[in-house]
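Consider the two complexes below, in which subunit A is the common component and subunit B and subunit C are the respective partners.
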Partner chain A sequence: MALLEINDLKVEFGTRYGPVTALDGVSLEVEAGETLGVVGESGCGKSITALSVMGLIPSPPGKIAGGSIKLGGEELIGLPDKRLRQLRGSDMAMIFQEPMTSLNPVFTAGDQIAEAIMLHQDVGKAEAFNRAVELLDRVGIPEARRRASDYPHQLSGGMRQRVMIAMAVSCQPKVLIADEPTTALDVTVQAQIFDLLNDIQRDFGTAIIMITHDMGAIAEMADRVAVMYAGKVIEQGVADDILDNPKHPYAQGLIACIPALGKGDAGRPPPLAEIPGVVPPLHLLGEGCAFADRCAHKYDACAKAPVLGGDTAHPVACHASAEARI
Partner chain B sequence: MSDSATTTTAEAQSPLREAWIMFRRNKPALVGMAILSLIILATLYGAFIFTGDAYDIVWAPHEPPLVTPEFPLGTDYLGRDLVAGLLTGGAPTLAVGAAAAAITMVIGVAVGALAGFFGGWVDNALMRFTEFFQVLPALLFAMVLVTLFTPSLTMIAIAIGVVSWPQTARLTRAEFMKIKNLEYVTAARAIGAKNGRIMWRVILPNALPPLIVSATLTVGVAILFEAGLSFLGLGDPNTMSWGLMIGSNRADFLEAWWPVTFPGVMIFLTVFAVSLIGDGLNDAFNPKLRER
Partner chain C sequence: MSVILEAKDLTVRFPMPRKSLFAERQHLEAVRSISFQLEKGRTLGIVGESGSGKTTAAMASIRLTGPATGAVEFEGEDLFTLDDEAMRKRRADIQLIFQDPYSSLNPRDRVSHIVQEPLDLLEIGDEASRKARVEELFKLVGLRPDQLNLFPHQFSGGQRQRISIARALATNPKLIVCDEPVSALDVAIQAQILNLLAKLQEELGLSYLFISHDLGVIRQVCDDIAVMYLGRIVEQASRDELFTNPRHPYTQALLAAAPSLARRKSSGAKRPQQLKGDPPSPINPPPGCAFAERCPLAEAVCKQMPPPLENGVACHVANR
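On to the complex of A and B.
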C-alpha cells in the first residue's frame, strides 16, 4: 500500500452554469521518499487535486463528490475537522505558488514558523523560535537568527519560498505538496529550491507531490509523472519514460513546448512550439475526449471519452495511441 | 528562556518599537499626539493650578474673556468660571468618547469578523441585524435610550456605542471577506490552524490599519455625539462636560459667544488631534510602509 493513495477522486464546483466536474476520477499514488510530478496547463485540476488532499477545497462552491484519499491507510474524505487539522501541517504540508503572498505580512518569518511548530508540538514560544531559526538555517538562509526577525517584505522571493519550505517541513510531514513552488522565481533560484527539496526528501524520507506546468522541473525532480488534462489523469508513468516516450498527444505537445537553446535551420533558434487552443471551460465538456479539438490526430473514435489503460507501467487515455496510429 | 532566545529578543526590533519608529516619522501625527497629551494633562492636573470650582457661581454672568484677570476666559450665563468648566468638563468628555469608541469597536469587529469570515447564512443573519441598527436614526435612538434610562455618562457612552457600531461592522466584514481569500490564509489553514486562530491571529492583524483609523474617527464622532446629546439637554446635568457647556449656553450665544465657543474649540482640537493620531497609527501598523 502506498503512503498516499488517491482513488477515483471526483470534485464538483457549483457555478452559474450548474455543477461542473473539476476532477473526474483522478487516481494517483505516492510512496514515501518518492516524488510524483503532476503536470498540465492552467485549469487542468492540478491545484484542485492538491487542495483536495489537504482538505482545503473551498466549500461552497467546491465539493468532493466521490472517491477516496488515503494517507497511511487513513481515509481523509469525511474526516472530522479536528483530526484533519491535526494532520495538516504535521503529516501533510503544502508549499504555495506565490511566495510573495503566502506569508502573513504582519508577522516575522521566525514567528510564523514557530507558530506552525507550536500548533502541533507541545513546546514553548522560545523553544519553538529556536527551532524556527534552526529550520531557516537548514533551508539555507544565511544569518538565520537575524533573518528570523525579518518581515516577509524584507525578504527576496527565493528567501520567502525558503521560509515557506521551512514552515512546511517544520513538523517533518510525510507528504509535502509543492504547488508550482518555483513558478514565481527566477531560474537560478529555481535550481536552488529544487536542490533543497531533494535534500529534504533525502533526509526525512518525505513523499513530494510536485505540481507544475514546467517539463524542465519534472525532469529535474520527479520519479514518476502524471499528466492531467481537464480534470483527468491522461497519462502516467516513470518520469524518464514519459519524457522520452510520451504517448498522449497532449504530453507530446507539452514536451515539444520546452524551448530549445540550440540553433536550428538557417542559424536561427528553432521556432517555439505551442499547443493550439486552450483547455476548454469545464461546463462545456462533452461526451468525447476533452483534448480532441486541439489534437492533430483526432478521428472518429474521439467522440467517445477514452479511459486510462494499456500498459500498466505507462497507461495512457487516448484512442489514437492505444491503436498505435501515431 | 534559554540564552540564545534572550539574545534573539535583544537583536530583534520589537513590533511595538518598529511601529513607534514609523509613527515618529509622521509629523502631523506627532502634533496630534502633543495636542491630545496637553489636553489630557490639562484635564487631569489643570484643576490643581486653576483651583476654581466649575459648579460655583463666582462672578457676574457673561463676563467677557480677558477682562477680569481671575477669569481669563470669562464666565457663563450663571457666572461660572469657564476655565474651571473646561478643565473639569474635559475628562468626562474624553472618557465618554473613548468608552463609546471602545464599545463600537468591540461590537463592530466581532459582528463584522464573524459575518465576513463565515459568510453564508451567518453573514446574512448578522448583516440583517446590522442593517436594523443602521436604519435607526442614530441620534433619535440614542435619545430614546438616554431618556429611558438615567442620563449618566455610562448610559451615554453605551447609547453612542450601540448606534455607531454598524459602520465598523461593515468595514470589518469587507476587510475579512477580502483577506480570507488571500493565499497566506490558505497557507495558515494548510499548517493546521483553527478558524478562531485564523480569524484573530491571521486576518484581524492584517485588517487592523483601516480599523484603527475608523476607531480614532469614532472617538471623534462619539465626542461630538456626546456634545450633541448634551446640547439637546439629554446629557448628565450633574456632570460638567464640554457638550453640556455648549448646550446650556447656546440660548445666549448672540449676547455672549465665549461660553459656547471655547468648549467648541476644545472639542474641535480633540477630534482633530485624534484624527491625526489615527493617520499616524495607520502608517505605524502597516508593515508594507516600513523600511529597514
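On to the complex of A and C.
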C-alpha cells in the first residue's frame, strides 16, 4: 500500500452555471521517499487535487463528491476538523506558490515556524524558537539566528520560500505538497530551492508531490509524473518514460513547446511547436475527449471520453494513442 | 544595417527618502551607465534576475522613467532633448507590451476601444478608418471579429496578451518594447505568443527590445543579448556566441541554473555550478564587481575595482 493513495476523487464546485466538476475521477499514489510530479496548464485541477488532500477545499462552493484519499491507511475525507488539524503540519504539509502572501506579515519568520512546532509537539516557546533557528539554518539561510527575528518583508523572495519550506518540514511530515514552489522566483534561486527539496527528501524520506506547469522542473525533480488536463489524469508513468516517450498528444505538446536552451544549431531557432487554443471552461465540457478541439489527431472516436488505460506502468487516456494512430 | 535605438551611458538614479531631516539623501542607481544598440528589424534581449535593472533600463531608453542621464537616440534623434509634444508624437513609433495581461488592460473598457485608443490619442485617421484598422489588427493577432465588443475579463491570459499586442501595433510602430510578455502565461500559451511575435516581426519589419528572465525564451526570439546584473551590463553578445560560449561567470551560472529536460533526477544529474545567496542591494553596491560575492572565480582585484565592459564582457578574469 502506498503512503498516500487518492482513489477516483471527484470534486465539484457550485457556480452560476450549475455544479461544475473540477476533478473527475483522479487517482494518484505516492510512496515514501519519492516525488510525484503533477503537470498541466492553469485550470486543469492540479491545485484542487493538492487542496483536497490537505482538506482545504473551500466548502461551499466546493464539495468532495466522491472517491477516497488515504494517508498511511487513514481515510481523510469526512475526517473531523480536529483530526485534520492534527494531521496538517505534522503528517502532511504544503508549500504555496507565493511566499509573500502565505506568510503572516506581522509575525517574525522564527515565530511563525515556532508556532507550527508548538502546535504539534510538546515543547515550550524557547525550545520551539531554537528549533526554528536550526531549521532556518538547515534550509540554508545565512545568520539564521538573526534572520529568525526578521519579518517577512525584510526577506528576499528566495528566503521567504525557504522560510515556508522550513515551516513545512518543521514536524517532519510524511507528505510534502509543493504547489508551484518556484514560479515566483528567479532561476538561480529556483535551482537552490530544487536542490533543497531534494536534500530534504533524502534526509527525511519525505514523499513530495510537486505541482508545476514546467516540464523542465519535472525532469529535475520527479520520479513519477501525472499529466492532468481538464480535471482528469490523462497520462501517468515514470518520469523518463513521460519525458522521452509521451503518448498523449497534450503531453507531447507540453514538451515540444518549451524553448530549448541546448546548444543546437546556429541562427534563429525554428518556430516553437504550439498547442492551439486554450483549456475549455469546465462548464462547457461535453461528452467527448476534453482535448479533442486542440488535438491534431482528432477522429470520430474522440466524441466519447477516453479512459486511462493501456500499459499499466504508463497508462494514457487517448483513443488515437490506444489504436496506434499517433 | 541601420541602428534604430542606441543608448549611450544610460544611468537611472532614484532618490531615496532621507533617513532624517539632516541626513544626506541616498540614491539608488538602478541602471549604471549602460550602452547598447538595437539594429532595425532585429531583437535585442535584456536578461537578468529581478532587481537587475532590466525593466528600468528599457523604460529609460524610451523615456518612460524618471531621472535618466546619458543619451538615447531613436533613429538618430536624441529622445531626451525632445519637448513633450514632439515626444508624444514620436510615441507612435514606439510601443509597449507589458508582463501582466490582467492588469494592463482597462477592465471597464471594451477591447475594441482599448485597441483603438492609441489611434484616438494620436489622432491618426478618421473614425471609420480607425474601426477598420482595429478589425485588421484583430485578424493579425489571431482574434475573431465577433470578439471585438467583449470586455477583457471574457478572455484568457493568452488572448489578453494578443489584445495587448494588437494595441501596441495600432499605430504602426517601428519599435516594440516587450517587458516579460510571456512570463505570466502557461508554457503552451507562451509558445503561441512567441511564435506570433516572430511572425509579426517578419511581416512588419518590427524591432523588439525584449526583456525576460528566461534564457530559453531569450534564445528563441533574440538576435543580440545583453545580460544585466545589479544595474550593469555584464555580458553582451550575439545569440550564437552567448549560448555556445558564455564568458561571464554570471551568464554561465544562469545557463546552468535554468531547468533543462536533459538534467534528469533518475540519472542523478547534478547542476555543474551552483550560485549561493542573493544579489547585493543596489543601495550602497559593493565597490568592486557586483557579482564578486557569489562568483566562483573571484579574486582580490574583483572586490576592489569594478571591471570595465571590454570585448563584450565585464569580468577581470574572463578578459585576461
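Just so we're on the same page, the second predicted complex is superposed on the first by the 321 of 326 C-alpha atoms of A that agree within 3 Å, B and C clash if a C-alpha of one lies under 4 Å from a C-alpha of the other, contacts with A are read in each partner's own complex, and residues count from 1 in each chain.
Quick note on the criterion: a residue touches a chain if its C-beta (ideal position, glycine included) is under 8 Å from a C-beta of that chain, and two chains touch if they have at least 3 such contacts.
All values reported here derive from a predicted model rather than from experimental measurement.
Q: Going by the contact rule set out at the top, does A:Thr101 touch subunit B (first), subunit C (second), both, or neither?
A: first
Q: By residue count, is subunit A touched more by subunit B or by subunit C?
A: Touching more residues of subunit A than the other partner does is C.
Q: For A:Glu41 in the superposed arrangement: first (subunit B), second (subunit C), both or neither?
A: After superposition on chain A, A:Glu41 lies in contact with subunit C alone.
Q: Applying the touch criterion given at the start, work out whether A:Val187 contacts subunit B, subunit C, both or neither, answering first, second, both or neither.
A: In the superposition, A:Val187 touches subunit C alone.
Q: Touch check for A:Leu272: first (subunit B), second (subunit C), both, or neither?
A: In the superposed model, A:Leu272 contacts subunit C only, not subunit B.
Q: Just subunit B (first), just subunit C (second), both, or neither: which does A:Phe204 touch?
A: neither
Q: Where on subunit A is subunit C touching in the complex?
A: 35, 41-42, 142, 156-159, 186-192, 194-195, 198, 213-217, 219-223, 238-240, 243, 253-255, 257-263, 266-269, 271-276, 278-279
Q: Going by the contact rule at the top, pick out the subunit B residues touching subunit A in the complex.
A: Touching subunit A from subunit B are residues 1-2, 4-5, 7-8, 11-13, 120, 182-184, 186-194, 197, 201-202, 205-206, 208, 287-288, 290, 292.
Q: Using the touch definition up top, name the residues of subunit A that touch subunit B in the complex.
A: 54, 56, 60, 85-90, 93-94, 96-98, 101-108, 110, 115-116, 119-120, 126-127, 129-130, 133, 145-146, 148-149, 151, 153-154, 164, 167-168, 170
Q: Show which residues of subunit C lie in contact with subunit A when the two form their complex.
A: 49-50, 156-159, 186-192, 194-195, 198-199, 213-217, 219-220, 223, 239-240, 243-244, 253-266, 269, 271, 274-278
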